[in-house]
Structure formats: structure tokens, C-alpha cells
Amino acid sequence: MQTNQLLAMFSGVLLLLGLLAFFLGRAKAARVRASGTAMYAQPDQYAWFAVVATAGPAITVGAVGAFLMLLLGAEIPTLYLLAGSLVIAAIGLLVGMSQVKPDFHARQAIERVIRWVLVAAAMISIFTTFGILFSIVFEALRFFQMHSFWEFITGTVWSPGDSFLAAAGRGDEGGSTAQFGSVPLFAGTFMITAIAMLVAIPVGLLSAIYMAEFAPSRVRTLAKPTLEVLAGIPTVVYGFFAAITVAPIIVDVAGFFGLDASFNNAVAPGVVMGIMIIPFISSLSDDVISAVPDSMRQGSLALGMTKGETIRDVVIPAALPGIISASLLAVSRALGETMIVVMAAGMRPNLTANPLEDMTTVTVRIVAALTGDLEFESSETLSAFALGLVLFAVTLSLNLVSVLMIRRFREKYRVNNL
Amino acid sequence: MNIQAASQHTPQPTPNVGQPVSRNNHANHELSIRVRDLNLWYGETQALKSLNIDIFQRNITALIGPSGCGKSTFLRCLNRMNDLIPSVRIKGLVEMDGRDVNAAKMDEVALRRRVGMVFQKPNPFPKSIYDNVVYAPRMHDLVSRKPEQDELVEKALRDAGLWEEVKDKLDQPGTSLSGGQQQRLCIARAIAVQPDVILMDEPTSALDPISTATIEDLMDRLKEKFTIITVTHNMQQAARVADYTAFFHLGEIIEYNDTKTMFANPATKKAEDYITGRYG
Amino acid sequence: MRHSFDDISAQLHKRHRRSSRLKWISMGALGLAGLFLALFFADMLNRGLPAFQQAYVQVEIDYNEDARQMGRAALEPDIAPLVSRSFERLIPGMIRDNSDLLGTTETRWVLTNSEADQYLKGHRNSLSDDEQAAIDERVDNGQVALKFNTTFFTSGDSKMAERAGILSAAVGTVMTLLVTLAIAFPIGVMTAVYLEEFAPDNRLTQIIEININNLAAIPSILFGLLGLAIFINFFGVPRSSPLVGGMTLALMTLPVIIIATRTALRSVPDSIRHAAFGVGCSRWQVVRDHVLPLAMPGIMTGSIIGLAQAMGETAPLIIVGMVAFIPDAGGSFTEAATVLPAQIFTWAGEPEQAFVEKTAGGILVLLAILIFLNATAVVLRKKFERRW
């Protein structure tokens, strides 16, 4: 029998047992109560307890068994495992039924179970983080067994071209050996991120200043969600926009000044990424600026400062931790952005300071390494995980610093809505 | 209450509009701010009703009255801080130095430079103690070179009675000080721009009794140089520090009088009731 | 030294100018951001709207003997190169299925190929002068016309631009999002309920909170790496399937739903909880019967927004292989599928001019759905918004 069918049957039987437990439990509890005995809980609660007693252990056993099979390669026949689980379900049903008696706190028992289920759900987010970490670290380690970490960090040549030959045990036949020096990729990433920030930080921050300090409230309630539309546009759409509309404009403008620009130049994805990031900065900065207590503004205005001076010298410095925090989040966002650069930036690792040339980024190479028809074991594929590891480490630190800064701001001004 | 108020309503006891009922012989009587027929509305609600008062230079004038009587609102009319509230509408004359403060030609920034303010809760800027004091004078071009700045900071902090406590930590943030010290820092900040008038909006209500006493002493010294108008909830404080006291009730000035007379022998029944604690 | 109003005002001129300059510059920045948005939408509409029309030609089909082998033989030679090959390929089959057709003729509107379509829309194309003349002539006769492009909505991907549509991608999107919602919604709500209503204020709770905030900011492509390494390579979930795509997106959507649910739970005032405790409800009963129903509109709003976000996500899906070429819509949750953004990505990579239009057309559809979803969320929030 197929595993799928087995699973379906298992679920079906378990469901039946569960229903049986519910109705038997309720009937028994109702009977006991009808006999005039005072019970600690409602019949429904006894019924639910019986269901939990039936299904809980059975599912746990099934899950643990499946996990052992997958993780440790233990040879447990699926049929026996599921059959065993069902037997346990049946035992659970009997135990559950026997507990339907007046002095048993069925409600408390259920609530304990519910609590643990909730804890388990909350743990999933932690498992996700660890899942990301372990999956990346594990594969990255395999990469670093093949190529030196030092070369990866400091090398300036990224040419994985022949690595699949090496993986096939024919490394000698390819003319040159593969090289994995990630410096050009990071240089490209930082170049594009820097361009994006040059667009996003001034526009975003100034927009936030206008919305928080100058705009009439009607303009503000309209402008804020409008700006946030920019953040809601899918990145693949921005990528298309950058490649098909912005890049040719950049080439034309550069040509007008007598400069030679590639169609895969770094400016187009950088500018478009900056546009995308504007609302990240403007929204959070607007919240932070609005959270600066009015007494600060009044204190400054009462000294005969103009509104502009008050904003520049008092409000912005007070809001600075929040603004920096927003900018760090934005940087982290830009570093990890994928689709815009995949579609609009180049594929060629290129160590240059000229943003009009084509250059590639970390995320582009990750996508390139994982979408080809390469063997998973090849070092090019694994290099994606090494790059991912660095990306993870950098964005994680940026996020943590950002969270700490916003927390400090919040404590300083005792605002709770940030 | 209303019936009583109507029956007790007496015309101004003195023929001179805006003058105190009786004079304080120790006080200075040069005019600082003249207010005539001042009305203020928040939207449809009238908060100030036809106020008339003459405030004299280098005195402390205390504004007392039950909460919501309009004394803080009135205070904020004097440096146009009410401009910040969009729904506020003002009619009437506030005159300083022969100029109508509310006139279209009057630059509120210039006005606020001459009429400083200290707030209920200390609000030092997120800057060092030194910069808190020197920021405004530098912007106003009162000082430029470093020695001038140092001198000004020291003088302002000395005048505010804070110098000895902070002279070794001028580069620390203003927010690191205690509440009473912060409030004195705010006073130092206000006097550093050399205003004519300092408005104080319940300056001690957020402070402990010892800090309050320190600030009261300070006010007494500052009136040598500045005209001080203070709002207070605390009648003892008014009695202790003020030369003149104005009693506000429901947006009107009920009685404006020499402080000693006001507390010993008020001219109006309402002021008497308030002072003796019948309401408030 | 005291200053008069006039002294001060004279000195203030420059400072006032600087102050109002800040106002105008900041207003300009906001305007610039708005301008970007307007330009973007104008550009997309300009490029994408033509995709909703397609060129059709009225041809006389002569079901002759040669057409049994080669469909093109049934068409008039001067127009045959302009008819979509997808139609030519159908002709032999039509004859095979119905041999009565042989020897008859029929006049029908059929799709042109994409080059003729692009020519008609005034875009770059590779038609020769003769072919252009042939089209112009038929346009005058009313035998060539642009009609509403139903194919775009009723067919899947195709290598022929005139036959390519978004149906299979749309179906794939729906299936993927169903998986996402089925996983992320219950887990997200349960996590939020635990953190807001049950969790003690201890180290573990703080770690979970920081972790959730952090998860929301991790680059999406890393979720793709997780999906590839754990779901596909470790657990053996089929690559390219809506199942693996949905699971990956669920992990990304989780923080959005958790954060929105927590906000919604927090906005339910404690007085409600106290009242329920007061009549003897247990903690769980309070949550289930009183807090959750009141928080539901907020939770729904957050979930819709999270879903809209997941819907536009591409990078992690590329990593788990959801960029497959899927000509036919519908399959199971474990078969290869593609989603709208991935379809857009694939089309954007096609060199033909006609696909630029398809890409932009697909983008317009995607944006329309996203705007609809977000508008729904806003309306929901407005309708159920309650001030306590």
C-alpha cells in the first residue's frame, strides 16, 4: 500500500475514534450527572478530555516515529508504526473513558493540554529561526570543507564556472579551477544598497518630517497609506520596472553626459530599491517623530526658535535613535532584496566603483546557483548557502541593533505604540 | 452658585480698568504687558472672557484659580503659544512695548524671544547641559566665540542656582539631572536669551517640596531682572512669592490685587471663598 | 542689553527663510515619493493595458487534403504566416475528428501570431513590408481587429506569446496561499494568544518575542534556503509544488499574523477580561468566548495583509523551484505549479517584445488583486473599528 493511502486510513480511523470518544464520554458524563452526583466539570469537557486522551498520544507516537525514521534513518515499517499508534489511540480512549468520574477535574486537564499546544505553536517561530540557521550553517560547512573560508572572504575572483566538473570527479579536465572569492559580490551588494539608501533616506526622512510636523492632518491621513502602497508592490514588479523602464533612462542620461552605462548598471536597481524602501523609513520615522513629546517642541519654540530650527535641533535629535533604527532596518532590507537585482542588475561579478557598470550581488548569485540544473552536491550550489550564511549574519545583527535602539527610544519617552 | 455669582457681581472696584485693587508699595509699577478686553475661544467654547490686566515690570505676578479657569490659557496668550492649537481664536489687545502682540505684523518668534517660558514638567532638550543653555543664545547670535559662550553658560547657570551642582558635568545630557535640577536648567535656558518676561506655568507642581523651595527662592532673586508671571495651584506659593495676584474663575479675572491684601482681605466674595478653601 | 522687537525681527529674516525652506523641501520630498508612485503606475498601465487586447484575423479555412498533414495549407498563403501557429496546429486534428469537414470551407476569427499583434498595436515587430501591407489591407476590410483577450485569462503559460495566459499561475497562487493560510493562521493566532494571554513574563517569552520581530525582518530569500534544505531535501516534500511553496510562505507570513493578532488582542480592554473572570470563566474560556471574538476583525485584517504580502513574494519560491513552465492549470498540491509573481518573472526573461506586454499585463492583474485585498482589509478595519 502507498504511504499516502496509509496516512489517509490512519487519519480516518483516528477521526472515528475521536468522535467515538467524544460521544461516549459525553454520554457517560451525562449519565453520571443524571444520577445526581455532583461533578467537577461539564459533560462536554469530559467529552473533550476523552478526545484528547485518544488522539494526543497516538499522534505524538506517530510523529515521533516519523521523525525517527527521517532523522535517524531508523527502519520502522510505516504500517506497524501507524497500527501501533492506533492501538495507543484505543488504549487512550479506554483511559479517557475511565476518567469520566465526578472527582476528576476534566476542565483543568483540558486547559493544561491547551496551554501546552499554545506553547508548542509559539515554539514554531523559534524553530523557524533555528531551521534557517541550521539549514544554512550545515550546507555552508560542507562548502567550506571544499573551499577555504579565507579565500571566500578575501578572494576577489568569483568564477564557479567549472565547479560542476570538479563535482563530477573531473576537476582536472576543466582548464581553470573554480574560484569562490566573494568580495566582488559584496562590493556589488553594498554599492546597490548605498544607492538605494541615497534615495530612500533623504526622501523618506523628509517626507516623514513633512507629514509629522507640517502637513495638515487631512494630508497626513491620506499621504501615509499612499506612501505605504510603495512598500506593498511586489518586488518582482519593481524588478521589471527597473529593468525595462529605469535602466534605459539611466543609460540615456549617462549617454547625454558622455558616459557609457551598461543596461545592467547598478544605478537602476539601486534607485528602484530606494523607492521601494521609502515607506519603511518614512513610516517608522513619522511614528517616532510624532512620539517626541510636544513639550520638547514647546520648550524650543518658547525660546524664540523658528519651527525649522526646532525640528532640526530638537525634534530630530530626540527622534534620532528611532530614525537610525528605521534606517538600519532599511539597509537590512536592501541587502537581502532579491528580485529587483536578479532582474535588473548584472550576473557578472565585477569589482568596480563605477555604478554605471554592471555588477552582481550576493542574492543574485544565490538565485543563480540554485536555479540551474546543477547537482545539489556541487560547490556552486553549496556556495549559495555560504553566501546565505553571511547574509543571515549581517541582517540579523542589523535587526538586533535596530530593535535595541527602538527599545531605548521607547523607554526614554515612554511611548508604547512603536 | 450661579445665583450667588449673579448677586455678588460687582463692577470693578477701582475706576482704572486692569489696575490692581490696591497697590503694593514695594513693587515696581512700570508697565510691562497691558491686556484689554481679551477673549479666547477653543472652537465654540469661550475660554477667556474680556480680560483686563496691567502687569508691571520686575515683579512676580501670580495667577491663581480653580483648574480649568483659564489661567494657563491666558499665560499662553502672552507669548502666543496658543497659535500652536489650530482651533483657537483670539480677540482683544495684548500690548507689550507699545505693540499689539497679536497683530499680523508681529513675529511670534521675536515675541517669544522677549517672553520666555518655563513649563509645568521640566523639558530639557536631548542635549548636554551646556548645549541646553547655549543653544538658543547661539541661534539668536547673542554669543559666538567659545569664551563668550562659556561665560554665558556659567552666568545663566549661576543665576538659576545650578552652577555649583553641574559645573563638573556640563557635557552630560540634561535629562540625567534630577527633576528639580532639570527645572532649574530650564530656567537657566530661558534666562540665557535675556528675555524681558518669563512665564512660568506651574513650575513646581511636578517637584518635591525641597526643590520647590529652591525654585521659589530663585524666583525671588530673578525678579530683580525679569518680569515673572507664574501660574500656580498652590495658594501658599502665591502668597510667599508674588507681589501681585490675579484670581481667575471661569475664564474671567475676578480680582487683581496686591498679594498681601488679596490673602488678608480680598475685595470679592469669590476670591475669599477660594482662598479660604470653600471650593477649588 | 535688551532688544526691541524691530532689532529682533531684522535678525530673524534669514532664519525664517531657512525654516520655510525646510518646509518646502520636505513637502517636495513627499511630492517626489508620490510622483514616483504615479510614474510607476502610469508606466505599468501604459505597458500592460494592451495585453488585454489581442489581434484576431478573419480567415477562410479550406479543409483540403494537404491540411491533414500541415494545417497551414488550409490558409490563404498571404495571411498564413500571420496566423498563430497554435491555430494551424489544431487544423489536422479537427479534420481527423470530423472527416466531413474535408472539402468544405469555413470563415473564422482566429488569433494572429504575436508579431502581427505587436504591429497592430504599433510596437516593435519583425514583420516584412509585404506582411504589414497584408495586415493593413485587412484592417481596412475589417478582417483584422483587436479584440478583448480572453485567452490571457483562460489559458496557462505558452511559448507562443499570443497563447500565453495567467490561468495556471492564478490557480497555483490560490493553491499555494491555501496551504499558507492553513498553516500560518492557526499557528500564528495560537502563538499570539499564548504570548498575550498566557505567557509568564520570563526569559523564554522575551526570546520568543525578539525572535518573532527578527523573523519579520529576515530576507525572504533565506526562507527559500530553508525550504530547499529542510522541506525538500530533508523531508522530501516535492519540489516546485504548492505544498512546499505554501509551507515556505507560511513561515514568512507567521510573524505578520502574530504581530497583528497581538495588537488586536491588546486592544481588547482588560475590563472585558475582568468581567469574564468575575463570572467564573477560566482563562481559556475568557480567551475563547470573550477576547478572541472581539479581536477577530483585527486578526482577519492582519491575516489578509499577510496573505497579500505572501502573494507578491517571489524570491523564496524561485529557490524552491516554483518557476516551472506550467501550460495547464490545476493539479494536485504535490505537483509542479507556478504562481503569478513567478509567472511574471518567467515572462520578463523572455526575449520577445510581445512578452513585455504580457509581463506588464500580468503585473496589472497581480496589482489589482493586491489592491483589492488591501482595500478589503482597510474596509474591514474601518467597519469593525471600535474605540474602547
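Things worth noting here:
When the chains are written out, they are named A, B and C in that same order, and each has its own residue count from 1.
Criterion: a residue touches a chain if its C-beta (ideal position, glycine included) is under 8 Å from a C-beta of that chain, and two chains touch if they have at least 3 such contacts.
Only a predicted model underlies this, so the values are computations on that prediction, with no experimental measurement involved.
Pairs B-C and A-C differ in how many C-beta pairs touch across them, and the larger number is found at A-C.
Most remote from chain C, judged by the distance between CA-atom centroids, is B.
Here the CA centre of chain A is 55 Å from the CA centre of chain B.
Computed from the mean C-alpha positions, the centre of chain B lies at a distance of 61 Å from the centre of chain C. Each chain gets a centre from the mean of its Cα atoms; for chain A and chain C, those two points are 19 Å apart. Residue positions of chain B with contacts to 2 or more other chains are 109-111, 113-114, 139-140. Annotation for chain C: residues 8, 12, 15-16 touch two or more other chains. Each of residues 304, 306, 309 in chain A touches at least two other chains. On the chain C side of its complex with chain B, the touching residues are 1-5, 8-9, 11-12, 15-16. In the complex of the two chains, the chain B residues touching chain A come out as 79, 81, 84, 109-114, 116-117, 119, 121, 123-127, 135-136, 139-140, 175, 186, 189-190, 193, 199.
Within the complex formed with chain C, the chain A residues making contact are 70, 107-108, 110-111, 114-115, 117-119, 121-126, 128-129, 131-132, 135-136, 138-139, 202-207, 209-211, 213-215, 223, 225-227, 229-230, 232-237, 239-241, 243-245, 275, 278, 282, 304, 306-309, 311-312, 329, 332-333, 335-339, 342-343, 363, 366-367, 370-371, 376, 384-385, 388, 391-392, 395-396, 399-400, 402-403. Those residues of chain B that touch chain C in the shared complex are 97, 99, 106-107, 109-111, 113-114, 139-141, 194, 196.
Contact residues on chain A toward chain B in their complex (touch as defined above): 293, 295-306, 309, 313-314, 317-318, 412.
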